[in-house]
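Scroll down for the structure; my scribbles are underneath it.
Each chain carries a letter (A, B and C) given by its place in the written order, and its residues are counted from 1.
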Amino acid sequence: MSIQKRRVDVVVILTICFFFGLMQGIAFCGALDGFAGLEGTIAIAGGTAHIPVMNDAAKNIMTVNPGIRITVEGGGSGVGVQKVGEGLADIGNTGRALSEQEIAKYGLKSFAFALDGVAAAVHPENPVGDLSPQQVRDIFAGSITNWKAVGGKDAPVHLFCRDEASGTREVFWEKLLKKGPVAATANIVASNGAMKVAISQDKNAIGYVGIGHVDQSLKALKLEGIAATQENAMNGSYPVVRKLYMNTKGEPSKLVRTFIDYVMSPECTDIIKKYGYIPLK
Amino acid sequence: MKTATDLLLTAYAWFCAIAVFLATSLLLGFLLKRGMGVIHPRLFFGDTPWFPALLGTKPVFEGIWPALVGTLALVLVSSVMAIPLGIASGIYLSEYASARVRSMLGFAVDVLSGTPSIVMGLFGFTMILFLRKTALPQARPSLFLAAGCITLLILPYVIRTTQTALEAIPEHIRLLGPSLGLTHWHHVRHVLLPSASRGILSGAILAIGRASEDTAVIMLTGVVARAGLPASLWDKFEALPFRIYTLAAEHRSVQELDQGFGMALVLLLMTGSLFAVASFLQRSLEKRWKTT
Amino acid sequence: MQEHARTRIPANHVQPVRERWIRRSLLIATGISAGAILFIFVLLVYFCLPLVNSGGMSSVLSWQWKPFGGEFGILPMCAGSLFLSVFALGLAFPAAIGICGFATVLAPRSVARSTLVMVHFMTSIPTVIYGFASVFLLVPLVRDWFSTGTGFSFLTAGLSLSLLILPTIVLVFHARLQQIDPALRLAAEAMGLTPVRQFLHVLVPAASKGLVVAAILGFGRAIGDTLISLMLAGNAPRIPDSLFDSIRTLTAHIALVLATDSQSMSYRSVFASGLILFLLMGAVNFLIRRLDRGPGENRYENGH
């Protein structure tokens, strides 16, 4: 088959699919209009809290415009910074604000699109539901090793922590643990999703996870009576809060800019809320 | 005369065999049970209708089709690189090399075969770092890099089986070539290779099986959690074993977990059948030589 | 590897030009394969060099892994790898000998054959499948039965790993046993030894070198495996105090750090880990070759 013929075939198929997609009644968001006629690849890497939102956004965009390819990886906020800084990704997601050195070293621009709290979480059947910040600090430092010391069952505490690149870890460590020591015996898991699975399978587990990831399989601990909900995070009464950022190296390209605008547009607030985060205006 | 020690040790041997049998059946049975109900076009294609998904015109979002295609693409590219290279090396080592060269190169091939797969992945990763600093600043982890590292990983399998297959050819077949006045290459190509073909084929199939199951190498050289169908050699891709690994740690719902079991079953079927074919070939080859 | 007498074209035989080119291209192909290993080694060393130069080596060869506290010691991971592999070998090796004895002397023909087929089949099971099934079968089992620890522990990973390396050990040793002159076994039978004693006192010593090679190969496979320890061992970077503690191996360390790294010093520790693994496997290989080539090896084999 000659090249011209094949190209015509591809165009025909794409056009048919485009109309087919339209006829499926996919929510044709206004912001998705911006993608018409664009094509290319967007490589997204970094924060694991962002992944569900990124996946849904990617799904909507790719269904409407099959000429765009979006790949999503995790790895944690540190990896996001590194990959976007080194040019290995177009968008690096972080679950924490960039540091001065990072901005200076790579020349990054940040776009915050959602608010998320970080909660200490336990198994739903754990009788403990409320702890003071000092008790949390002691548990994570390894000084409290049995649940009965904080009013729970007589059972050992199973600690779960995140890997070094995690923005969730950094926010939790700075704001709740006050940069205190963390026991070396903690099990390490590599993402918010993994933390959720680990805690939901172990009755004596404690770990920390973005509030957006909390559902019936986990119980978020209250901090001295203040519930760990996104509303409390929003109004400031729950202290452990972070924004979710998309970062690019310098000014984003047209395709990437359109993606960022789409995620921050009113049409995407449904997606962001669906996964438990609070969209930022 | 059977003593107590005899009986004890016999019991021990039976116990070992039964224990291993039980452990393996438990493992496989568990996977079958959880995965069987999930094998369904929906597992592969999610919500997308299957025909456009097969053609690649509509993206698949909740199915394992992209991961399956990614694995197949990876296996294809790495086999195309590894099998000819491996057969050529095997021929050289078996038929042309002097004893000393054979020993030296053989040692290198052995070390290659003993290299842990994560170190191979690390090598791929450092290649990217190296290239970015020197010749190719746009180098990124990609399907091609992962396939290249997998090639290095499976090369020893092909080399070793080619060598063994060639060396197992009986003397009277070996005499055919020189007795007819064929040059060495003609002898290799028209007499030896066809005789050893089954062994070589089984080695190639084992190599393909190894390529399809490896996770550690691709984790560091270009596989990602979500990438759709691989658009080109220089793109990131998805793969079955990596998806299985990720789902084990972080499934977001019971459906995703079931998907993981379905994938595990698919992968097991793939490697199991490749292995069965390879050992059948190997077995028929042995039978052939034993009767002559 | 045995040398058979083979008919070979002597090297000084006159060859047409085409022959020479074919020979050269085959040599190049082999050179590429062999050269790859050299290249890997050189690249790893090259990336480790800054470590040596900046004196970071002592930092990497220390016992604490706290990247944000500036400590990048990988020794706990080395210890983790070693302990886990030795444990897995300790479980798998006796079981392998048991199975070999079972298949060679104790079981009826058909049962022996099906056992070997099963073991053979086990070699085709990917490690990710072992890991995946263990996460959902073994981890809850360990957690509930022993009610200590989270289930992600040294023990869980060790059990799974031993299942992984068992087929390797069985097959290598079995192949060795098959090569023994059948006359030896007949002699033992004629002297009135029971099958168990034949196996223990005659066959095993005759194939003793095979025993060592099988153990070394199994150990090598255990050390080189990534996924089982990554998925099952808990990944805490410390030396275990008990069977139920969480540990991290060198291989899992490389995977974790590279997948979730954010600092360049961590990178260096990863190259050091890779280099250590590489050298270790090279040594293992070298040992096996020495053993294979040792004198008196062919004493009990067919034809002597």
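A few points about this structure:
We take it that contacts are C-beta pairs under 8 Å (C-beta built on N, C-alpha and C of every residue); 3 or more make two chains touch, one makes a residue touch a chain.
In this text the structure is predicted, and so the values were computed from the model without any measurement.
Taken together, chain B and chain C share the touching chains A.
Taking the mean Cα position of each chain as its centre, C sits at the greatest distance from chain A.
Of all chain pairs, the one linked by the most C-beta contacts is B-C.
Note on chain placement: the centre of chain B and the centre of chain C lie 17 Å apart, centres being C-alpha means. Distance between chain centres (mean CA atoms), chain A to chain B: 35 Å. With centres taken as mean Cα positions, chain C sits 38 Å from chain A. Those residues of chain A in touch with two or more other chains are numbered 189-190.
Shared interface positions of chain C, defined as residues touching 2 or more other chains, are 259.
Residues of chain B in contact with two or more other chains: 249. On chain B, the positions that touch chain C within their shared complex are 1-2, 5-6, 9-10, 12-17, 19-21, 23-24, 26-27, 30-31, 34, 84-86, 88-89, 91-93, 95-99, 104-112, 114-123, 125-127, 129-130, 152, 155, 159, 167, 171, 174-175, 178, 183-185, 187, 209, 213-216, 219-220, 241, 244-245, 248-249, 260, 264, 267-268, 271-272, 274-275, 279.
Of all residues in chain C, those touching chain B in their complex are 1, 3-9, 11, 13, 15-16, 18-19, 22-23, 25-27, 29-38, 40, 43-44, 46-47, 94-96, 98-99, 101-103, 106-107, 115, 118-133, 135-137, 163, 166, 192, 194-197, 200, 220, 223-227, 230-231, 251, 254-255, 258-259, 270-271, 274, 277-278, 281-282, 284-286, 288-289. By the touch criterion stated above, chain C contacts chain A in their complex at residues 67-68, 139-140, 143, 148-152, 234-238, 245-246, 248, 256-257, 259-263, 266. Note for the complex: chain A touches chain C at residues 75-79, 81-82, 156, 158, 160, 163-166, 184-190, 198, 201-202, 204-205. Those residues of chain B that touch chain A in the shared complex are 52, 55, 57-59, 61, 132, 138, 140-141, 224-228, 231, 235-236, 249-252.
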